[in-house]
Amino acid sequence: MKKLINNPNRVVEEMIEGYAKAHPHHVRVLEENGRSIVTAKETKEGKVGVLIGGGSGHEPAFMGYVGTGMADGVAVGNIFASPPPDPILEATKAIDKGAGVIYVYGNYAGDLMNFGMAAELAELEADIQVGKVIVTDDVASAPKEEKEKRRGIAGEFFVTKVAGAASEKGYSLEEVVRAANKANDHTRTMGVGLSPCSLPQTGKPSFELEENEMEIGLGHHGEPGVEKGDLQPADQVADRLVQDILADMPIGEGEKVAVLVNGLGSTTKMELYIVYRRVELILNEKGITIHRSFVGDYSTSLEMGGCSVTLIKLDDELTEFVDAAADCPMYVQR
Amino acid sequence: MSFSAKELKAFLQSVVETIEENKDYLSELDRKLGDGDHGVTMSIGWQAVQEKLDNEWKDENDCGKISISAGRTFLSAVGSTVGPLYATGFLRGGKEVQGKSELTGEDLNNFWTAFIEGIKERGQAEVGDKTMIDTLQPALDTLKQEYARSGIFAEAFSKAVASGKEGMESTKDLLSKKGRSSRLGERSLGNQDPGATSSYLILKAFESVMTSVQTA
Amino acid sequence: MKKLINNPNRVVEEMIEGYAKAHPHHVRVLEENGRSIVTAKETKEGKVGVLIGGGSGHEPAFMGYVGTGMADGVAVGNIFASPPPDPILEATKAIDKGAGVIYVYGNYAGDLMNFGMAAELAELEADIQVGKVIVTDDVASAPKEEKEKRRGIAGEFFVTKVAGAASEKGYSLEEVVRAANKANDHTRTMGVGLSPCSLPQTGKPSFELEENEMEIGLGHHGEPGVEKGDLQPADQVADRLVQDILADMPIGEGEKVAVLVNGLGSTTKMELYIVYRRVELILNEKGITIHRSFVGDYSTSLEMGGCSVTLIKLDDELTEFVDAAADCPMYVQR
Amino acid sequence: MSFSAKELKAFLQSVVETIEENKDYLSELDRKLGDGDHGVTMSIGWQAVQEKLDNEWKDENDCGKISISAGRTFLSAVGSTVGPLYATGFLRGGKEVQGKSELTGEDLNNFWTAFIEGIKERGQAEVGDKTMIDTLQPALDTLKQEYARSGIFAEAFSKAVASGKEGMESTKDLLSKKGRSSRLGERSLGNQDPGATSSYLILKAFESVMTSVQTA
């Protein structure tokens, strides 16, 4: 696939350069490590640092979410590859304000090891307390009984938002971790893939689908899903996604949620709103209240086609955090 | 037998080359099971090692230092899943031979034992999970057994590589349980695991250096 | 191309339904006309109404830009087709607060006629004064001597922003029109296309390019551009786009601009930031100050691949308006 | 000759059908020159007219009302470039025959003259700009001349359609100057203008109704 790039081996570096230059009032790259980006705004002494990260290729996740109300720092990996411990550790040092740092990341073997090693080093070498919250929202990636095996996908947006807002509110590390873990427990995502992306280095499609096929539960990196089949109308796709979520996390009449309909890269906003339309209808019929909705590209897989639906069940605390203002280069909320 | 820092560097150099040659193949294997980047990741990591080979390590004779530095270099360059795994291998292996510029069969045996045990500890995968452990564990088993029996490291290592090869090939018939392809279920059948393959290539590279040492 | 839709003939209706349901605190659809969307917030008596619109398929343009600091209303056409006078007229009536309404739209035969007819009707039937600002930022679409023939593309974002901020500030209709026209005069865009989009009804690619081709100056609806050629590295593409803009609108050392690197649909943020990186470099070398940057999908062509670069030359007044806060469903600025 | 509201509706019905048949062809022409939607747009607009034919206009005999309503319906359904153009044609044509349920040759001549002059006024395009005017202007010229000469409308109209056809075909060799394809330059050569084509189809539909009226 055609890409507007220079050198396939330098896409991440050049993206970060462009990003830092475009938003100098929002973010800065650490001198210590070119893969560590932190907020350019002074954060309060005693504020819990929020650190996110993972492979790149998911923009706006993760680097787009550094800013007030979201993360204080991000470690940026190669495309679809966890960052190594170094940039995580350097960002940790840079954002620690004496109250410790929370790491929010997805449940992938690489992230578990790299963030885990960084956390150990932060505690050993820099005496910084680290709390780890591992996002596991992807319903398709493991059965209910093995939720701890599930991958983290678009739901990471909500978990980051909750961590960011809780830390902004002055919560202690322990409390931020509790709130973020609750957000993760209350969050479920189901996705569908329509067309592949390709890594700049290989140029090969990440998976193969026939011209009239879709795949339910496809991973955020093109990992195979749970079911390949004929492309269905948007309404049926939405039905299926919401059904699978509700079967996994029942939501009762009168309960409250926030909804995220997320585009994987090349899917138009028009399609996302058409999907949203049906999601609203289903939830409405079930008497579930939609408190707030997010429709757009929040976590992509390069130029993959498809979308995911995320529901987060809201109690009063989560409602407050989902509603909190945020100001990041790729995401602003008033 | 004489295995010095020169041979260790020759081994690393040989890995760089075999990874470069097999880059597309490894990515292609990963494309079927995971996210298609294994060859890319390995290449980035080993190119970073190449850079050290060409510069920093030119006059370094401490095998421990070289191996530890290789682990760190690889990890810093790639992160990913295999970064911490292979890095741990080289770090643990390096620890075993710290301060040594010449390695005995015993040293090499300790190096590889620590290398593989380190990866196992880091990744917590087991044989049958369809990972590099399916190559490394049988290789280690054979190495231990054969080295204990014969005391001839080179011979034992060659047999270990053969076991590793069988292990690698066995991943074709396994269901994925770890890493990105773990949800693939039935569809993971028939495809060889990329990490098991790169592990085999690494073992194989070491074997070829051992052979040239012996024949030299 | 695969799309997540139900009925190709109802995509616009269903998108609007989903959009209105997703953002009930921000927008509402008029009962009088299902293609008229207005802000859900009460606007001040005496505020000049800002009305935008055009064909759909460009989301977030135009419907995504209804909200505080941007437009008060939008008329939504079929895909790549101007809205008829009815929805324009109804939205005009709904947003008029006694100070008249400004129409901001692109320079297309259809928009000229439909907005023109609506303006006549608004003045005749509803006695509402209408000011028209026609956006002509696309450098590739006509030579300099015929600027009045140029199409409006991504630069419409800046013109809308200026009109919205000027009206928010309490400017009279005449003044809002003056400011918006100045914004248009100061704005230039050059784009490049890499891959086509397809209309839901035909499913046919909007144009053909070989696997290794790109097209400079391609229109926002797939209209042929000025030059087809081999795909170049991002830096060279950026050089070309900026060069063409500066040749058309010289910007001197020490002058100030805002930059928009806009994605056409399926181009990743990674690529857009790689392009931005080079744009910044060029402007920097020339001693041009970048006051603010926008990188992302601001005006798309369904799932087209490619991007455009827009520069707006800023004086103090335009600077203030570009910096003004905005709160729309698809665009928030703090 | 007898041309009543029934024939007017038959004409509109015939346009609906010819547009439906040529929908893909018109879009394909537009794909080469513009944004590929001309067939889609025409179809949406004429389907809206169909709906009126099936319901609201069932018992309507005022040719003026029907034509004006057709223009409004088409415009409201499509907007676009051709919405205001064709709508203006039907509105202006309708004005000429307001209150009449039977149309004479004179009426029809006035209808088409106003129809085409209206489009010209609305779009400000000229012959040679590669638009529907390249069909409509020569058709109008011939109609005026032939009707003045013979006084037989049907005959004059048939000749007008033939001139329109030539005009339509001439757009292949023209550079685009108006609308979406105006920047296409050289590359617009060789492609027939979609609007010129749909205009021809409309004229042709009218001609066929005229023929059936005569033969009936």
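In this document, chain identifiers A, B, C and D correspond to the written order of the chains, with residue numbering beginning at 1 in each.
Note that in this section contacts are C-beta pairs under 8 Å (C-beta built on N, C-alpha and C of every residue); 3 or more make two chains touch, one makes a residue touch a chain.
Computed from a predicted structure; not experimentally measured.
K.L.:
Enumerate, in label order, the chains that touch chain C and chain D alike.
P.N.:
Common neighbours, chain C/chain D: none found.
K.L.:
Report the inter-chain centroid distance for chain B and chain D in whole angstrom, where each centroid is the mean of the CA atoms.
P.N.:
75
K.L.:
So how far apart, in whole Å, are chain A and chain B when each is placed at the average of its C-alpha atoms?
P.N.:
The mean C-alpha positions of chain A and chain B differ by 32 Å.
K.L.:
Where the centres are mean C-alpha positions, what is the separation of chain A from chain C, in Å?
P.N.:
A distance of 29 Å separates the two centres.
K.L.:
Rounded to the nearest whole Å, what is the centre-to-centre distance of chain A and chain D, using the mean of the C-alpha atoms as each centre?
P.N.:
The computed centroid separation for chain A versus chain D comes out at 54 Å.
K.L.:
At which residue positions does chain B touch at least two other chains?
P.N.:
none
K.L.:
Counting only residues that touch at least two other chains, what does the list for chain C look like?
P.N.:
Chain C, residues with two or more chain partners: not present.
K.L.:
What pattern do the touching chains form: line, ring, star, complete or other?
P.N.:
Chain contacts: open path, no cycle.
K.L.:
What are the touching chain pairs in this one?
P.N.:
A-B, A-C, C-D
K.L.:
Would you mind writing out the residues of chain A in touch with chain B in their complex?
P.N.:
Touch residues, chain A against chain B: 9, 55, 77-86, 108-110, 113-114, 117, 140-142, 149, 199, 201-202, 204, 206-207, 217, 219, 221-226.
K.L.:
What part of chain B is in contact with chain A in the complex they form?
P.N.:
Chain B residues touching chain A: 24, 27-28, 31, 34-37, 39-41, 44, 75-85, 122-123, 178-184, 187-188.
K.L.:
Would you mind writing out the residues of chain A in touch with chain C in their complex?
P.N.:
Chain A reaches chain C through residues 2-7, 11-12, 14-19, 21-23, 56-57, 59-60, 64, 192, 194-195, 211-212, 214, 231, 233-235, 237, 259, 265-278, 280, 293, 295-297, 300, 302-303, 305-307, 325, 327, 330, 332-334.
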